[in-house]
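In the two complexes below, chain A is the common chain; its partner is chain B in one and chain C in the other.
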Partner chain A sequence: MRASTSFFPCGKDVDGRDEPGHDGVVGRENHMTPPSLRDRVVPAALGLGTIVVAILAVEILIRAGWINGFIVPLPSDVAMSFGKVIAEENILGRFRATFLEAFAAGAMITVVGVLLGLLLYRVALLRAATETWVAALASAPTVLLYPLFLVIFGRSASTIIMMGFVAGLPPVILKTVEGLAGTRAVLINVGRSLKLTPTQQFVKILLPSALPTIFVGIRLGLIFTLINVVGVEFLINFGGLGQLINDLFERYELSETYAAICFVILVSVLFFVITEWIERWLRPAQ
Partner chain B sequence: MVTAATNLRAEAPRPADAILVVDDVSKRFDTPEGPIVAVDRMSFNVAPGEFLAVIGPSGCGKSTLFNIIGGLVEAYEGRITVAGETIAGPHAAIGMVFQEESTFPWRSVLENVAFPLEVAGVAKAERHDRARHFIKMVGLDGFEKRYPAELSGGMRQRVSMARTLASQPKILLMDEPFAALDEQTRLLLGDKVLQIQQQLKQTTLLITHNITEAVQLADRILVMTYRPGKLKRMVDITLPRPRSSEIVSSEAFGRYVAQIWSDLREEASRGMLDDETHLRASGG
Partner chain C sequence: MAATGTVSDRAARAAPPRGRLAQGGTRVTLLRLAIIAMVLITWEALAYSGLLYRDVVPRLEVIAAALWTLLIAPDTWRHLGVTGYEIAVGLLIGGVSGLLVGLLLGANRALARAYEAYLYYLGPTPKIIFFPVMIMWFGVGFGSKIAMAAISCFFPIALSTASGMRQIDKVLIRVGKSFRLNAWQMTTKIYLPAMRAPVVNGIRLGLGVALIGALLAETRLSSQGVGYLIIQAYSVFDMPRMYAMLIILFVFAIGANALITKLGGLHRS
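Now for the complex of A and B:
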């Protein structure tokens, strides 16, 4: 018998084996054909092209006087101000501070959020009692609590990290509960039939099954965390990029303000790359 | 020449060396409309190496019986023993293949099949060697590194079967494993099951509602009544072995199918009528 690994779209191979895509089963998925170079390059080029076109359009609209140049700086001026921001405003140090604060808060929401999600999944009464409140907390403007945190933690990185933590925690809890509860009963029954211990059942079945949903929660949580970290830096005029944006804005250096905002976007992009990398590492089948 | 030696008995034989004994097993569920008896005083035995198919109409309690024998339903009346040991929960001697797609999407074919060995603490190299043996047995060699999402439904069911076989159960318990597949694939996978069963002399209990599948594969067929699920008839299938799906074109095969359908028809009609009555009563 010959092993068949060909990428036929459907049908039987020479041994009468069913090739992928042949037999009728509900919800079948087939990802046998790897994406071509064209499939990978075109969307990326289109995305990049759209951004370039949008920037060019803003540049033209400002130069034509359709957008007030005193409110929105020319993108070309923003590009030129990167050098100044890097050279004169210790941007790398501030970038590092914001990144580390967001990273600390991100690590905390992941660990605490998954554990609390597991607790709510396991204890039905607790879940019924608190899930609505946790969902309400997810949409609450917790950033307004910063005076309270200032009193507790002082004007320090701890306040910023804790504010980021509180804001990013609810989505991780909710999505962890959703992911664990959404584990297909048949997979749990496979574990039961093989007499898995509760720990094995969690580590080998529940957690990997829930992982994609948990990562959705972590990504959402990181968005809230980063917004709050930069927002609180801005509000308490302390730390990294948020403080810099505040300083630049108060000096009315608009081009430099927008350049600093680009670095905040860079932090966000970095976090998404890191979470995607971790998810791929944990679930290579994704 | 194949002949239809239909042997109809009210009760299954009770071989002294039966590996699986189901003795007077009943299961009732409490519902808002009152208790429902899903399985009612079922008794039968399975001999080592035997292939027994349990067939019945939808809602007759087949899957409940599957879950009871597999140890997933622990509260039931009666007694089930495997090799003399009473079942009280999942048992290492019983390997289950489920109706629903049950491969782990985050594990490759090799890691899926090696899963029971990993849980049992077998060293990585050894469990991968043993997993490859069972992957080859189900005809999926060359697909070890693929993930379930890259496979067809039939291939995924073969992965599930290989995973169950890798745990080397004394009894292979299958609940309509090919129900979601088309007829041609079902017949071809039936061939594969026959080949494996004959190669391993694997005691197998297949739960199905498909008459063709039951006659193609089984040594005996247990026909169940519609709710409450009781043993209606035990039919010996004396078609020659080794068998393949070619047997479906024989005259004897057709006679078995007709015989079992005549038993099932009445039960299936009752089931249909019952469903309609419930729908009308609920205003559906």
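Now for the complex of A and C:
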């Protein structure tokens, strides 16, 4: 029996969501009938309203002394600190550093991952022997290897990039194999009947057919990469946004620390939304 | 009549011969062994060549000796116990709360539309950035590590449960309602058994991220646990011990994952 090419069980991704594009399973929305405008607006208002009420409640509880203000800063102070963090902590420069590290690791996982995926697709025996290893690597806690990478590469951007690379590589390999192996036989036969060379067959038939699935792998890889880049920045106190949180925490600038955490969450969500949008844009090509 | 053979005849023709399957399996095993041997030989050659610092790539026998020393030291087991305790309690807290939230979101579409997007988008954020907050809330001891494990595993378990609940066969739900089961009976007799696979998979994913959350927190600020041992070995540049600890850690992670799969009754082919 051929091993499953999905490394997440039941088409789930890293956080248990439905893995988009996997075996015909698309996003969570597919489990629901398309909601009407009213059905969308009311729940969205409820979700947003709950957050606003929770923030107001925390503000009141801190002011009333029910929550220790030395542990949890006033939400209004956190909001005011955004300006200070942006102006005084060179947040754009730090964002640029994190972006460049993630971009370098992302470029590496894309090139190396697609090439290795192609190799496994071409050499069936190698695929049979190693695919489960790659899947195991995808779920292994590789981020814990960071002390080893510190020894090899030193406390530098190279360590952060390589950690991002190691974490993001397996999904790209596995999804590339899955995408290429999922190319419809009729398309391959058309290419053969037209006597395409192996290179033409790859460029004209296999790659366009597999691209949406490959992008799912690249997107998952980029998410793993970003998580690891920011995480290792925080752990080794070097680089961009992760280091900023560490710096502010060590200076015990409480509201600024919370503001920086909110900023990193916003960056992560934005990154996630953009890559999801690109993936949806690519999906009709399937 | 060859053209109209029985189903078993056709199945026999369609299936690859048993001998060929066995031969393929042997070739795969041989290739795997060859790859492992090649990696070990390359490692040993690098250790002897002096191309890299000897301490960065220590000889295999040195790593094996460090591994043996660690395994027979009672202290190692105490640290493993500490990490195991933090992960288990974190998984219990994050798992139960994730399960409850997942059941609520899976059962109620309005709630899902209101709140699930926040879980969906917060799930992939790097959880380690919350560690400063956890230290302030729960201190530098067990509490902050347990909290890191709990918030790490909450998201995959909640999302997996919500998704699993929506995939339950409607017939089963109708059967439960026709028997007039109450909410607790519906949960224990219908919902949870029917969504065992997604819930167990959610817990497996949750275990993986809880382990990472707790261990990274230990490497950052702790005086006990496996993460502390790893970062301590790094700080004194005891590379064989560090490699040995990483081996123990990966075996621990794989073992815990296999245990959950077995307890959940899921066996992957």
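To be clear about the criterion, the second predicted complex is superposed on the first by the 182 of 286 C-alpha atoms of A that agree within 3 Å, B and C clash if a C-alpha of one lies under 4 Å from a C-alpha of the other, contacts with A are read in each partner's own complex, and residues count from 1 in each chain.
In this section, a residue touches a chain if its C-beta (ideal position, glycine included) is under 8 Å from a C-beta of that chain, and two chains touch if they have at least 3 such contacts.
Because the structure is a prediction, the values reported are computed rather than measured.
S.K.: Based on the superposed arrangement, let me know which partner A:Arg192 touches: chain B (first), chain C (second), both, or neither?
M.R.: Once the two structures are laid over each other on A, A:Arg192 reaches chain B alone.
S.K.: In the superposed model, which partner reaches more residues of chain A, chain B or chain C?
M.R.: Between chain B and chain C, the winner on chain A residue contacts is C.
S.K.: Please work out whether A:Ile71 is in contact with chain B alone, chain C alone, both, or neither, and reply first, second, both or neither.
M.R.: In the superposed model, A:Ile71 contacts chain C only, not chain B.
S.K.: Enumerate the residues of chain A that count as touching chain B in its complex and touching chain C in the other.
M.R.: In chain A, residues 1, 15-18, 28, 31-32 are touched by chain B and also by chain C.
S.K.: Looking at the complex, which residues from chain C come into contact with chain A?
M.R.: Interface residues on the chain C side: 24, 27-28, 31-32, 35, 56, 109-118, 120-126, 128-133, 135-137, 155-160, 163, 166-167, 197-198, 201-202, 204-206, 208-209, 211-212, 215-216, 219-220, 227, 230-231, 233-234, 237, 239, 242-243, 246, 249-250, 253-254, 257, 266, 268-269.
S.K.: For a test of understanding, state which residues of chain A touch chain B in their complex under the given definition.
M.R.: 1, 3-5, 15-32, 184, 186-187, 189-190, 192-196, 200, 204-205, 208-209, 211, 283-285
S.K.: Provide the residue numbers of chain B that touch chain A in the complex, in ascending order.
M.R.: 70-72, 89-90, 92, 94-96, 98, 100-102, 104-108, 115-116, 119, 139, 141-143, 147-156, 167, 180-182, 184-185, 188
S.K.: Which of the residues in chain A end up touching chain C in this complex?
M.R.: Touching chain C: residues 1, 8-10, 12, 14-18, 28, 31-32, 35, 39-40, 42-44, 46-47, 50-51, 71-72, 125-126, 128-130, 136, 139-141, 143-148, 150-152, 223, 226-228, 230-231, 234-235, 242, 245-246, 249, 254, 257-258, 261, 264-265, 268-269, 272-273 of chain A.
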